[in-house]
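Below are two complexes that have chain A in common, paired first with chain B and then with chain C.
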Partner chain A sequence: MANVSTFPAPGPIGQAEFEANRRALERDRRAETRMRINLTLPALLVVFVLMACPILWLLSLSVVAGDGRLSLENYALFFSEQVYVEMFLKTFMIAFVVTVICVFLGYPVAYLLAILPPAWSGVLMLAVLVPFWTSGLVRTFSWLIILQRNGIVNKSLVWLGVIDKPISLVHNMTGTVIGMVHIMVPFLILPLYASMKAIDGNLMRAGANLGSSPTHAFFRIFLPLSMPGLVAGMIMVFVMCLGFYITPAILGGGKIKMIAQRIEESISLYPTWGPAAALAVLLLLMTAVCLFVSLKLVRWLAAGR
Partner chain B sequence: MTERKTSALPVQVQMLSKHFGTVRAVEDVSFDIRAGELLTLLGPSGSGKTTLLMMIAGFSRPTRGSIRIADQEIVHLPPHKRNIGMVFQNYALFPHMTVGENVAYPLRLRRFGRSEIEDRTRRALDMVQLGGYGARRINELSGGQRQRIALARAIVFEPRILLMDEPLSALDKHLREAMQIEIRQLHDRLGMTTISVTHDQREALTMSDRIAVFSSGRLAQIGAPAELYEKPESRFIAEFIGESTFLPLRHTPAGPAYGEQVIHFADEVKPAAGEMLLMLRPERLRLVPANGTAGGGKDANVFTGQVQTIVFQGESLLFEVMLDGGHKVSVRMANRSENLRQLPQAGDRVALKLERADARVVRAEG
Partner chain C sequence: MESYVSHRDRLWLYIFVGLVIFYLVVPMLIVIPVSFSSTTAMTFPPRGWSLRWYEAFFGEQKWIGSLWVSLRVATLTMIVTTLAGVAASYTLHQSSFRLSETIRATLISPLAVPSILIGVGIFFVYARIGGLLNTTAGLVLGHSVVALPFVMLTMSAGFSSFDMSQEMVARSLGANRFKAFVTVTLPQVKFSVATSMLLSFLVSFDELIISLMVASGPMSTLSRVTFATLRDDVDPTLAAVSTLMLIVTSVPPLLLHLYASRVRARNGRNAG
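What follows is the complex of A and B.
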């Protein structure tokens, strides 16, 4: 090999040079830390102004009574009236029912998405996403038309002889749940699909190789491994359902009242923001509790893997 | 699973084909596997070896053909009814179960009693030297440990045969070599008919009783490791198993010749259709001084040429020599002091000596 360089070999490093290097490296390290803080600061500021401030403001509004004094009377109002408690229970009940229906409708779809060849799963994914991208308001009104007394569903059922005369599918719980499920199902499918996609196909093959029938392998291997995605999707659906406003307002026909509607009513009913703010804070708290419990559950499930 | 040898079963693959549309992944493959034999399916990626294994396991439906284990046709059986053990390439251990639960999985399905399950699981783990690991999580294990657990799970239920799909490809070189020996020893103890798939020729040579080499969906040659190495039938086999360079041969009245030089072979070479090549294994060529009187008469073939490069490879030195006939050949020389005394340099003229016994003809194609 020919010599590539004609420079003489460098001499040994002196103590002073070594010390200077150490100081310079330390300086670089501090500069980097400073830069990281400076770069994060704008984002932190945005989060503080747009998220922390409104919540704190809401909190402060909820503890101001009608006469301007500091008190918990807004919260007392909530607990004194049976109708509020019932409405909270109903909201959670609807959210629960919608979540359960979403699980049964969404799981098979996510499963198909995960196992179909890419071309077919692409088409199916589009079928999931196009409604997802369409405005919730548009979809809610569509359901109003589809489900009404002379709508396509009632007409078809009468024509098929399943029912004698049109049944009420809208302006009640049924319509509300149908509309909410339609909007929420993609929120269950997408995280579930992601977790199913991450399951190694060889695991099901290994199950079959060791003697599991396809059904047995599904319940012993696939279902447990898709659980984290399923729970994540369920949390998403449940929490979002708690704050629904438009769909129950339109499809519930005034008979179905969820928290968000009651908050809106309190604003017009009472002269101050207090009662509405208290309701909102309570909703926020309960949602947070739900999230906390579910996250614990997910972590427990994940630890079992 | 006990230390006694299980009754080993022969496997017969006949006229097996698998077509994906117009692609012939496996085409008319037939071979027998003797009871208790460890056969390796070797080939480059896309040669059909994995597809073949998947058909034996039942995960891929053949287009036509027959697979029989001890005279029972299994080609119609779904995978869960075949009773075949398999080690998957990425081990496919169930991440939501412990090591013990993984190994006990096939036993539970077969409704063994509780004490029997515990007993067999413990013995299987002992056998792969992971006794006491039963309560561990899969994600706490190293790659080598996972490999052993996958092996334990595949043999614990005494399957009729054992399949291994690139079982060692995920391990580092050192561990891979240790596991090759270990799997071979385990096979000898169990005596189970085993089919392994690999693209690593060294792994195939180390582990197998016989090797079946595949090329473009067809079985190119099947034989014992030494047989494939010493008597490859084609250039493909000679290149895939071991290193070699080739010289074109032409037929002359005096026998096959390289240029004007008639080559002396140990066995008589029958003129065959198609191009014939002289296979040169680098370690079978000896470097001798060009002006020496080393011409071997009828016992050796001597070629002359010029050294182009010399590569130091640790245990050996690899010479690239350009023959006067215009072909480049590789020569390997053991890194021994006696060899190094009169080492040729790049540019030196040298002669290469090939013993008559080492001269082999291979087909250029197929």
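What follows is the complex of A and C.
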């Protein structure tokens, strides 16, 4: 026999050691749990106390009428009064138009970003990112200068003979949409670019090998594969547009009232929180529905390929 | 992705993208020449040049006071959010437990909620509990809600490429948890921490809606005063303010981005 047992084999541990071991592990686990709580609690508290709780509170206030009864009166207000119906329609219409224009402007940029060699796409990416980082207030103010009655756009158009006298490009729908698209385009480009980057270039080459023209290959291969990113970007833009505040307030010149301005207004307009709360809940609901639908749609598109 | 289409066939694409980029970049730069105008008319090109709007900005209490409020609030928000966010994302990364996905989703959720709702909610809470309306603390806490998701996203990207067993090694060699984190983990995610700090500072500096809801008068932030002036009585001092804001909000991220690309390129070469 070889001399195997130079070291004594560990004997079966007794009940006492077993207990001690178990206690030590238990202590360790508790310390771990305590650490998790301590490290995540500050962040969680901020979000809970300042966002989750007040939203639930608003939800409950929205179903309390002026005299303290439980009713849907606050909601009925929005569907009975013409101004509110118009405001909802306008909000949706602006969000829709801005989203469509963003797709039209953003898709080619994302496409070029995805196919350019890294050095060039890096430069192009900066041209998308710098406006993205820049303050929205600054960009809105710039548009105010450019689009004003004697601004550079009007002057150029008159000089070119396109129009006889300056037209109003700002303090209306046109200005609002131009300004909002400017802020939103990067939000479409960035997720779209990420999904395009993941498309295997060999697929396009295979298509070409099999005799499809570049245009045909683009529409049959590239476009369908980029759909999940496109839908994600579109929903992001649409949802952000629904809650937009700064640009419509400035470039709409008080004439374009979207839901966010109405919420702010109704806080001071009505004696109770009910109407503002109901509007807030409606906005939250619309946002949630859009996000939910888009999540399903993106999953479905991604699974379909 | 390589392409088999010639540049000439794609000329229309280059031209179209060039126009979009022109639309994105050039208009916002117009505030720079306008801010050096010598007249009250905000026209481009300006009829004469002067520094009078910068003098107006630095000479008026309304502007300079709000600049200090914004800088103070943004700095404190940066500290609060980065500490809370780094701690939370570290915990979520180092082990996954029963609630970890719920916690992560909760901390990122303010990104999906329209900020007017967050603003109204915060105003509502402050109006109830008192003591936070019109205070630095109130502004900082409010801004932290919207800045936190950015820190969480940045940090989880940073931690995702870090192997936690390195910290385990340090701990098994005798370092306590905090020391292991500071000497082993932190240096490897320092870049994400810097990005988090920058982002949370900028989110706070640029934030308008919560500031509009919870603080006014001498506690107004620069964004609030800018917005009010922009809405009610446009004056060319705005061009000077905008130029300063343009520099503060776009130059630091630009530098960080360029630095990051250089570091990545260098690491890529070493690896390859």
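Keep this in mind: the second predicted complex is superposed on the first by the 252 of 305 C-alpha atoms of A that agree within 3 Å, B and C clash if a C-alpha of one lies under 4 Å from a C-alpha of the other, contacts with A are read in each partner's own complex, and residues count from 1 in each chain.
Convention: a residue touches a chain if its C-beta (ideal position, glycine included) is under 8 Å from a C-beta of that chain, and two chains touch if they have at least 3 such contacts.
Worth saying up front: this structure is predicted, and the values here are computed from it rather than measured.
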| item | value |
| --- | --- |
| First, second, both or neither for A:133, with chain B first and chain C second | second |
| First (chain B), second (chain C), both or neither touched by A:224 | first |
| Contacts of A:208 with chain B and chain C, given as first, second, both or neither | both |
| Which superposed partner A:46 touches (first chain B, second chain C, both, neither) | second |
| First, second, both or neither for A:146, with chain B first and chain C second | second |
| Chain touching more of chain A, residue-wise (chain B, chain C) | C |
| Contact residues of chain A, present in both the chain B and the chain C interface | 205, 208, 214 |
| Chain B-touching residues of chain A, taken from the complex the two chains share | 200, 202-203, 205-214, 216-217, 221, 224-225, 304-305 |
| Chain C residues within the chain A interface of the complex | 1-5, 9, 13-14, 16-17, 20-21, 23-25, 27-31, 34, 42-44, 83-85, 87-88, 90-92, 95, 97, 103, 106-107, 109-110, 112-118, 120-125, 141-142, 144-145, 148, 152, 177, 202, 205-206, 208-209, 212, 223, 226-227, 230-231, 234, 238-239, 242, 245-246, 249-250, 253-254, 257, 261 |
| Of chain B, residues touching chain A in the complex | 57-59, 78-80, 82-86, 88-90, 92-96, 105-106, 109-110, 137, 139, 153, 157 |
| Chain A residues within the chain C interface of the complex | 32, 35-36, 39-40, 42-44, 46-55, 57-58, 105-106, 108-109, 111-112, 114-115, 122, 124, 126-131, 133-146, 148, 150-152, 182, 185-186, 199, 201, 204-205, 208, 214, 239-240, 242-243, 245-246, 249-250, 260, 263-264, 267, 273, 276, 280, 283-284, 287, 291 |
